[in-house]
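Structure provided below as structure tokens; questions to follow.
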């Protein structure tokens, strides 16, 4: 029952975060100077202003927007691609599954951050003309999306493959096959509907990992480019001033940690619902 | 492990209790010692005299004077190698390894008398042969120098040598062991200034071969210090050269701790580990809040400018000077200096920095005028920015100051002109590659003097076909002024400066090919007790007079 | 070698054959993995704009000068030729020289950054330490008072660790990836096993709540949040710990290790806590525990002898994989404190485009990852006879 409680808190926090992400940055332009710099918290600037006189609260909310957007979009990509590859590998011939396993093993052996940094090196200086037609902030965050998607999909594909493998042997699927149902029917009507619960639960935790990875890249100064705020780059900026203005550091740290915490709570809660076996193991 | 073997049970219990309390006590003591404020935050009093410990931001990028090109590495190599001439504290070019020099009336032949009794670190006396060897070596393609094309191309025979068709520079001849003669292609008044650039530094011909210097042991020069060790990411150690021709240096050794991170550098100073560190602007507020740090704060002007540049080769819209002028009018430099840089830096009106002769304090660039900018932009065909393609502003991603300027510029252009500017923080090597190919439409970068002359900022950078001009900028009027000024001898100061100043006006006001933002000014903490540091606008001079005395 | 293996298999066919097979199969599979990873790195290096020649030539070089440098580094050769040469050289364990001063051999840079020599010493110390703890626990077992056993055991571990760290810290450079990972995994195992153990025993009570909170926070707070916040508190506000790394400090390296090791240990400690707790609860719900309790075996004996030993499989797996991650994953921490370990070196190498170093680092990380996983899979059957049959 405790888990339900945490699940509710997590959902509540995430909803609050989404609301903040939508309306928070409306009050001020997050890329522009709106007052003197290093202002203390006040009615006009709830969390004060940063080293360039920008509103910290608005930037924090915009950071939430960036983190959530990147987290969700990367997870959507990972799930879509993972479903494609994972189902093919799990349901298809055995060699394809083996190949995938070997590939994911190899990807696991490549340190994530190093791979992401290397990919960012390429993507950041790739400029394609169609990117100009996108909103500024979207085209600015595309490289991060690309790098994290490339790094993230193998583990999801592997998970889905394992799920498909275990589903494949279950009686109702065998029965359906025995009744002469075509493969497409089995995949779309039986396997996929049974997958989504677990996938959703894992995607929540995966999203937390993506947000952490995005934070790491931005912290190293190679994630979301300025002037767009991201929690990671806010932490990085605040580091230079933390001796004199520690609160600038504390807010993004708090926001990022709480967001990841909430996603983990929600992920755990979802897993308890959709994977009773797991729930029984961790919380009898 | 002694306390793990015990006798009887009761005895053992007592012992254990005693051990436990001893351990707790030790732990408490340790923390107590730690808590005595400032254990890691103090200047330890008993430090050795005559040892300078300073930081250096990056690793050394080169060990070979023929190859070196970045300021920090040059500063270190300056202690080890020397050229025939050098700058002094007054930013005047003075003789160093040369005793005197003369130039022929046509301005094509320079004859240098070389000081007698100058010794290499190896103990051998330096002669004109070494000078010729060093220059031949730098121009040799096997040494892989990236700088000689810019600074040696005027010497007769350089092209053949650089192409690998000749073994040496035919224009350089040794007259006798203490005289060397150089012939150059065309008269250039500022040419002797090239000789203080590292690619002209003299190396021991018995040690340095016709290949890049890749180890500390090969670094044999005539400078006041020898390099003893270099560990990447840790430190560079230099020790005194007792037979230095300018007299034995006071310092016994110099330790340069490599500390890329500004916080690390400040912390190294506060903990007393380093006595001379470079700071970043964002540390100013913190330093001001601590009296003992504020006392040690020093500002140093450097002959360098941070500017916005336009690349015209790939972006047709930027070729219209009205567009560039509108950009310049739309950017509020005062705000950048005040808000971004705490008024530390001097706003740049023109291109030539104050520490370079020829600087014009009365020069006014394009003033900030948002309404005028809008109007001009509309005249150019982009009312409210309509029809103007989004622009990418490239800058070094690892520099906090460049990021601040880029953010503010993007804000101004968006607000005042309606131009969409995307910021592109870029790795240094990628930036260089794109610049070389002329792929940067709009960028924020620094140019720092290689010699203190307006030529280095004007004809060198912006003349049609100049090696550094990858912008695709070409204005015959500008070229004519530069060409006229370039050939004048340094003695005709006023006329030269007048011509360069006119050229500067064309580049900055009429064409707005560069938008000068600010002149570089560095913040440093120098501990009281570190004395006699000599500087020129190019940076600290060799530490021949520097001394460190804490015991006084 | 094969004859030795054959004799081994012949002598004890049932137990050894699957293990030997496991090793062979894994090592065989690691070859395509390594080929894939190194080729991927090459490809990325090829696609990235601005190579080492650009960085080396600098701001003032003409395209021709850059081309010459590129030629001297062999970068003008086709990708496959360069890759082929790399593979051949790598097979001879020759990774070339760094392209940047002080132009050291890559093997030297990598082993120094990883701290292999220090790791060797530390491994010795760890063996010594384990033996000492074993003797200590053995002795205390004789005391019958299990509550005391428990607390004094924990104390002994702390004392021994402190003593060891103090001993080793005096002479060797500690700011290397290997030693840091070892300290962190020791700390993390001690914390994780302890918290997980008490959480499993007092399930649902305050120790459990504490351990769960700790493990959740440990997983959720990343290094780049923890490091600046702890530095802010302990270095800038309280001023009891240093805020940056220093080589061979006068105060003794211990104080400089505290924050990095603590931060590094956080995540693995959380993971180990979580898994130990889950596994303890799993075991405690089984019949043989109830039987043992019913038989009248004292509570603490049931917990330590029966429950904990049986949950060890999960714990060891968690420790092993965490260690693998620690060896390859301290980039942010090393960058933050500027600790000259392999993480910092590899990130610097990426920025410079120092490809010999990048290649060797990636290869080493991959090899370590494979070896650690293999090692974990090899240790498991020793701990749990049930797995022994199905090892391959």
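Per-chain numbering from 1; labels A, B and C assigned in written order.
Going forward, a residue touches a chain if its C-beta (ideal position, glycine included) is under 8 Å from a C-beta of that chain, and two chains touch if they have at least 3 such contacts.
Since the structure is predicted, the reported quantities are computational estimates derived from the model, not experimental observations.
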Exercise. Count the touching C-beta pairs: is B-C or A-C ahead?
Worked result: B-C
Exercise. Farthest from chain A in C-alpha centre terms, which chain would that be?
Worked result: B
For this session: Please compute the C-alpha centroid of chain B, do the same for chain C, then give the distance between them in whole Å.
Result: 40
Seminar exercise, completed: Whole-angstrom distance, CA centroid of chain A to CA centroid of chain C, is 26
Seminar exercise, completed: Note: chain C residues in touch with at least two other chains are 48-49
Problem set entry | Junction residues of chain B - those touching two or more other chains | 263, 398, 427, 430, 434
Problem set entry | Contacts with two or more other chains, residues of chain A listed in rising order | 121, 125, 239, 243
For this session: Name, in rising order, each residue of chain A that touches chain B in their complex.
Result: 31-33, 37-38, 51-53, 121, 124-125, 127, 132, 136, 139-140, 221-222, 225-227, 239-241, 243-244
Problem set entry | Residue ranges of chain C in contact with chain B within the complex | 48-52, 54-66, 68-69, 72, 100-104, 109, 132, 135-136, 139, 143, 152, 155-156, 158-159, 162, 235, 238-244, 246-247, 250-251, 255, 338, 340, 344-345, 348, 351-353
Exercise. Can you list the residues on chain A that touch chain C in the complex?
Worked result: 102-103, 105-106, 108-114, 117-119, 121-122, 125, 208, 212, 215-216, 219-220, 232, 235-236, 238-239, 242-243, 246, 249-250, 253, 256-257, 260-261, 264, 281-282, 284
Problem set entry | chain A contact footprint on chain B (complex, rising order) | 262-263, 280, 282-283, 285-286, 289, 335, 339-340, 389-390, 392, 397-398, 400, 403-404, 406-408, 410-411, 415, 420, 422-427, 430, 434
Exercise. What part of chain B is in contact with chain C in the complex they form?
Worked result: 1, 4-6, 9, 16, 19-20, 23, 27, 31, 34-35, 37-41, 44, 59-63, 67, 69-70, 141, 144-147, 149-150, 214-216, 230-234, 259-261, 263-264, 267-268, 271, 273, 398, 427-434, 436-437, 450, 467-468
